[in-house]
Amino acid sequence: MRILLFGIAKDIAGAPVIELETPVQQVAALREHLYNRYPRLRELRSCMIAVNKVYAGDNEALQPGDEIAVIPPVSGG
Amino acid sequence: MRILLFGIAKDIAGAPVIELETPVQQVAALREHLYNRYPRLRELRSCMIAVNKVYAGDNEALQPGDEIAVIPPVSGG
Amino acid sequence: MRIMNILTAIKDHITVQEATDFVQTPECGGVAVFVGTVRNQTRGKKVHRLFFECYTPMALLEMEKIAQYTRETMGIHKIAILHVSGEKLPGDTVVVIAAAAPHRGAAFTACQYAIDTLKETVPIWKKEYFEDGEVWVAAHP
Amino acid sequence: MRIMNILTAIKDHITVQEATDFVQTPECGGVAVFVGTVRNQTRGKKVHRLFFECYTPMALLEMEKIAQYTRETMGIHKIAILHVSGEKLPGDTVVVIAAAAPHRGAAFTACQYAIDTLKETVPIWKKEYFEDGEVWVAAHP
């Protein structure tokens, strides 16, 4: 299971893409995994997960092959 | 006393400038004069008078040498 | 007229770029712009061309008043108000207003105030030419 | 992405002109535009340069959502939403939004909604470089 990271999340993880050896089934579980692996993500103003380029709620299921991304607070414009 | 006319007021008067043989003392008197001379001015949505490039109220006095203009409804923009 | 933070002009041809170039500063993150163009129809009738007549010295004074008022009361730093005169065709740009402010809400408010007020107070008159005649816009009730 | 009435793009360099050219039609008399530029300071600290990182495919989808929503609910006919990516300097244009509507109030409302929403939802991140360090903008509370 591959996870894309952007902005400060990429800096915290030290890589633009990480691999999860054990796939997770749900956004909430992914978030827990990421917070444990990279505690500094908890310090961010927000940390959204996008699944297939759409913002995903914590209850959303994750399928193999989904494009999953960590979205720290945006600051475009 | 010279009066500048613009837009439809110019068309109604048939000239961009008219002369008043007998000067008038006040905006209200000028307006009456113009309405009598060009009755079609009464049909306009509004008919403002500007004195020295500033909108003038009916009570404003007119001095010799003032730049006086008839301002029909504006439609810029 | 061009004083430090205000640009007003009435001329044959105006561009969005000259207005935004004037107002943009590194201090102001947000610029709101209004661009008005000649429409090709009015109440279903095809407009072939337009003519803008201006009482230019007074129109510039009224444009400066609008600009000053937005600068003094709405938190904007710079503003440009440009209007055309003479003959125009459908699609041509006839008015451009650009306002720059540190906060974009102020820029939008000022820009909308400026175009709303320009249409009410600035002595400029638009004549529309149709196939079967011509009319001074908004002259009659 | 360019569908009939919507233009969205993320690229190195954007101009106000390309946005207004896209939205202007002879049917629409009013175009409201927002232009965002790099400010030269943040909370008193001098900004030397900026870097915009984009999750481009998702950012374009979010920009299209904003564009569609304004088209469906706000009475506008055409809208362009352009954003830069990569390194930028103070004064550079980083975002341009242009909305065209038959009535200018609708154009202003849509333009302001679009920039407000873009800043909340579109996955683009800005890093500011100061003399003594760098920071991802708005990342921390």
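So that you can tell them apart, the chains are marked A, B, C and D in the order they are listed, and the count of residues begins at 1 in each.
Methods note: contacts are C-beta pairs under 8 Å (C-beta built on N, C-alpha and C of every residue); 3 or more make two chains touch, one makes a residue touch a chain.
Keep in mind it's a predicted model, so treat the numbers as computed, not measured.
If you take chain A and chain C together, the chains in touch with both are D.
One simple way to say how far apart two chains are is to compare their mean CA positions; for chain A and chain B this gives 71 Å.
Averaged C-alpha coordinates give centres for chain C and chain D that are 23 Å from one another.
Averaged C-alpha coordinates give centres for chain B and chain D that are 48 Å from one another.
Touching of two or more other chains is recorded for no residue of chain B.
Contact of a single residue of chain D with at least two other chains is seen at positions 36, 115. Contact annotation for chain pairs lists A-D, B-C, C-D, with touch applied as defined.
By the touch rule above, chain A contacts chain D in their complex via residues 4, 6-8, 10-11, 43-45, 50, 53-55, 69, 71-77.
Looking at the complex, you find that chain C touches chain B at residues 36, 52-55, 57-59, 61, 83, 94-95, 115, 118-127, 136-141. Of all the residues in chain D, the ones that touch chain C in their complex are 16-17, 20, 24-41, 90-91, 102, 104-105, 107-108, 111-112, 115.
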